[in-house]
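Presented sequentially are two complexes of chain A, the first with chain B as partner and the second with chain C.
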Partner chain A sequence: MALTPFTGTVTQAALRNNFDDKTTTLTNNAVAGQSDHVVSVTRLALAIADDISLRCVDFTPADDYELRVLRLTLEDGTAGRTVTATVTVTDGDTTFLLDKTVSVTGTTIIGTAHANLDLRTTTGDRLRLLKGVPYRLTIGAPSAGPVTRAQASLVLRSRRRTG
Partner chain B sequence: MKAAVPYTFRTGAIVDAESVNGNLRQMAADVGRNLSRRYTYCQTTVPLTGMSSADNIASRTIFFRDPSGSLDAIDLVAVEAVIYSATGATWTVTVTNETVTDSFTINTAGATAKASGGITRLFSLSQATAYSNALWSPTSVTGYRISLSASAASTITAGYLVLHFRGDRANNASHAGYTPTLVQATTSSAGSILDTQLTSFENAVLRDTNNASDFRVECYLARNFATAQTWNVPSGSLRDGAASRCAVVGNVGESVQFAVTPNTTTVNANGTGGVVFGAITPGNRTDGPTTSANDTIVTLTPAGGTVELAYVFVVWR
Partner chain C sequence: MPLQNVSGWSKLNVYPLQSGQFAARPGLRRIHTPDAGRNFVGGFSVLNPYTSEIWHYLFDVVSASTTALRLRIVDEDFVTWQEFPLGVNVDPRIITHAVVEGEIVITSPDFDTVWGLIGSGVIFAKKVASDNPATTAIDIPRGICSSWCNRVVIANGASLFISDPISATGGSARTFVGQNQNQRPAPVFGLHEGAGGLLVVLTSRGVYGLDAAAAATGIVGSNGTDWRLLNHHETYNYASSANIRGRVFALSRGGYLLVDIENNEEEGLDDVMAPRAYGPRVANDDYRSCRMIGGDEGPLVAYGDVLSVHALADDVRSWWTCAVDTTFRARGTLRTADGKELLLCEDGVYLPGGNVDGEQLLSSEAATQPKAVLAGIVSTDPSANPTVREVTYGASVGGAGSVYCAVRGDAQSATPPADTRSLIIGTSSWGATGVIYQPTPVVSRRLQFNINGDDVSVEVAADYPETRLHVGASVEFSQSAPQRPNDRGN
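Up next, the complex of A and B:
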């Protein structure tokens, strides 16, 4: 669709086309205001005995964020070790995550491996991290270790708003 | 946001001025609502693990500047801090920009006991200051400056800052809306007037697009490190690289190579009393966060010794 300059008599079809063209421009602009960013926590040499303080991050969002993906990246020189990354509400009120268990488990390979919990599917859970609610992103203890590098990442979507 | 007009013109129906004007009024209202949604929020964590109260002030300070004076603003709206450290010290977190300074304190609770605090306040930056890749004093640099100090000797066993940013899409743009010139029933050149109106409407919508800058900020940091450290950063929607600002604190002879897919830059340290900055442009990434090929790979590679501190703020638009 494109704007057709009016010439001579203004027809209904030209009016309809041109109004549609402009409202589409506006709609596209509004939709473009959906943008993603990443929050992550990384632990090098992740060991079974690591205190949780070394492998978690707590945060309280300043805006509502749609939770798109929970990614766990594992880098190691040994295959077969498992690690789980989890998102929880810090004060334990699970209703803020709809009582869902939001976690993903990965298994090391010799090299770098990724595991994803994809929350973008149309038939799956759609979760939102709410402004003012304290959340925690945790890398769990490995089944064996130490794991050279473990990184848990959240892909969060924010939308433009007025203030 | 659903943008629509109340009147649809069909062949055979009567087109009157009121219907046309009704559509123009609705479009003006829609563009006004769209333009008012100018802010995009994000957050990033800045690790503090390993920081000591005895460290040079340059190593206890984190700097962040807007990516360019010609782009829109990134406001700092809140700062959280979490500190795990042996009891007996009070850490003070001081947040400063060009005009505002504020702070909060955290009493340490133990090496594995969480102590936290935070501040919610709008810290904005002017857009006039040009970026400079130069050695800066940690107490005079412009931009956001977040520094920590402790009342007694203390080392942070584990900890981090959580910085909450607000991208202001329209800070540097004309944010005027659209005020339609209405068509009169007696207008003899309605087509020309409508052309002008629709063009004006589109210009108002695209004032934001021209500044296409729903900025988001992420930080990757390494402290006291002698080997390369890497982060795999998943992609997502609107992951176009705007800018990255690198910083290094270290001894003369030390350097850090910053790699942010697909570019690299090396910044040489210039003594632990100061901070040396660098710049690098991240590449645009394809949306697809579960496909590692779309990741941005951030790597900090030190050379010349154990580098005291290095970090990079990656700004997406």
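Up next, the complex of A and C:
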């Protein structure tokens, strides 16, 4: 659908066409007007005894963020070590995550291993990290250590406002 | 013959203007439809208090089999965010919700209670341990619910369960304890937070109220606040009551009435009993089995494919019909991000506004547009045996539609010409010297009849949404016909 320039006598058909064009454009822009963000934490030489302060990041969303994917990347020279990345509410209140455990576990290989928790499917678990609530993304201690590099990241999406 | 004031006549697709005039109801634009093979059975909108977003909670079932009840959470653009199967094959009798401090509880007698966060997803509700070590949480009941004084109240049968309040120091909408259970004398069919925070409970043995003061203590009512019998009205169906700005209305045999105080003033819903040419004559032996919905301006009553819309402030009530699809069965209301009320019907979400019925795009105008109809009886002398010769009526149809009149079901119509004082799309120029836009004027047409008899039932009607309607109709009679014979045959 495209705009029809008005010239001279305006026809009913041209008016309707341009109204429909605007309606469609507004709807499409509204749906497309979303913005993705990433929150990540990286720990080199992740050891079993690492203090949590070395392997977590706390953040407080400035808007409601749809939690889309939790990713864990592990890089190591040894296979078979497991690491878990977890999202929690900083003070431990599970209400703001709908009482769900949001975590993904990866196992090292010789090289780089990836693990994903995909929460994008509308028929599956759906969560948004709520504005003003402090959350924490944590890389857990490895099952056997150390792990050369561990990175956990969250893909978040905010929506545009019309209100 | 005198001018007939039609403002008190039975109305179909009529809507009041603030100026005191009448118009045909606004156009209904279907802006969202259910997924293929499904139809909506309920829904509501909730404003996220922290982000000002609107979230729509839509419930649908498979149309053909009434199975697989599902909750679909969609954003304000109707983009699906979560689909949550409720695990039951049923058209729920009622779906209620309560919002407390950013948490939402959704209940029905027909599926397990659902809990979630406004702006996030939902899960089936599980009990949360009480913050008070002296009380033990019980499993979350199902039933109907309402928010009340920062608590959630759920009624299951004759039992009422009141949650702990949510406050800065703790408490959960999912904590129900045995101490906050209460029994009413009969099954509960309606729960509302009424004026002044009064908890209004509609049962089959009267309407009861509990003041907000009762919630001020941990164990509700332990401070001596008593239940009061507000009204002796008996309620026998779910979805047969509604809260309109704090006042609670309930369906009755003949219509509906206020039930949060003793009251016998009933709003009758039946149309005038008379032959009809335009639209259905809506009447029902008992309206209590209909569906009552709380609208912004007054109660809505869904009865089959017609919907009663009442603007309380204007004291105008009319039935609405709509032919965008094959059915028009209202199930609830939604709200846009800027607060405008939407109608949720089984076949889609309708936005009232504009002068045409159709889908979202103007290119999808419905083939059948509504006709605003007023129907009434002209009182005559029983001995007169009058003959109606003319009915004159006016509306602002502006060349696009017709003005209609009918006497005892005999219909006549006329299409006034387009009026050059109005903007005519496709004809008028918008140049500097062109016409100036103004509302289409009301134009009257005189329609002729030759209907003789005592029953002078008259309908006047006009095409298209938002057409202004004259508040008077002129009915002309010929000279009196011979009077009725008396009982002696003279």
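Assume the second predicted complex is superposed on the first by the 142 of 163 C-alpha atoms of A that agree within 3 Å, B and C clash if a C-alpha of one lies under 4 Å from a C-alpha of the other, contacts with A are read in each partner's own complex, and residues count from 1 in each chain.
The criterion applied here is as follows: a residue touches a chain if its C-beta (ideal position, glycine included) is under 8 Å from a C-beta of that chain, and two chains touch if they have at least 3 such contacts.
Remember, it's a predicted structure, so these values are computed and weren't measured experimentally.
Once the two complexes are laid over each other on the shared chain, residue contacts for A:38 go to chain B alone; chain C is not touched. Of the two partner chains, both chain B and chain C are touched by A:63.
Set against each other, chain B and chain C touch different numbers of residues in chain A, with B touching more.
Look at A:96: by the touch rule set out above, it reaches chain C but stays clear of chain B.
Contacts of A:30 after superposition on the shared chain: both chain B and chain C are touched. Applying the stated contact rule after C-alpha superposition, one finds that A:16 touches each of chain B and chain C. In the superposed model, A:128 makes contact with chain C only, not with chain B. On chain A, the surface touched by chain B in one complex and the surface touched by chain C in the other have residues 6, 8-13, 15-16, 19, 23-24, 27, 30-31, 63, 159, 161-163 in common.
Chain B contributes residues 1-5, 8-13, 15, 20, 23, 27, 30-31, 34, 36-45, 49, 77-78, 80, 82, 84, 112, 114, 116, 118, 120, 157-158, 160, 162, 164, 166, 169, 190-192, 194-195, 198-199, 201-202, 205-206, 208-209, 212, 214, 216-218, 229-239, 287, 289-290, 292, 316 to its touches with chain A in the complex. By the touch criterion stated above, chain C contacts chain A in their complex at residues 47-48, 50-54, 73, 75-77, 79-83, 85, 102-103, 116-117, 119-123, 126, 172, 337-338, 360-363, 425-430. Interface of chain A with chain C (complex): residues 6, 8-13, 15-17, 19-20, 23-24, 27, 30-31, 63-64, 66, 95-96, 98-100, 122-123, 125-128, 130-132, 159, 161-163. Chain A meets chain B in the complex at residues 3, 5-13, 15-16, 18-19, 21-27, 29-42, 44, 51-54, 57-63, 65, 68-69, 71, 73, 75, 112, 114, 116, 118, 149, 151, 153, 155-163.
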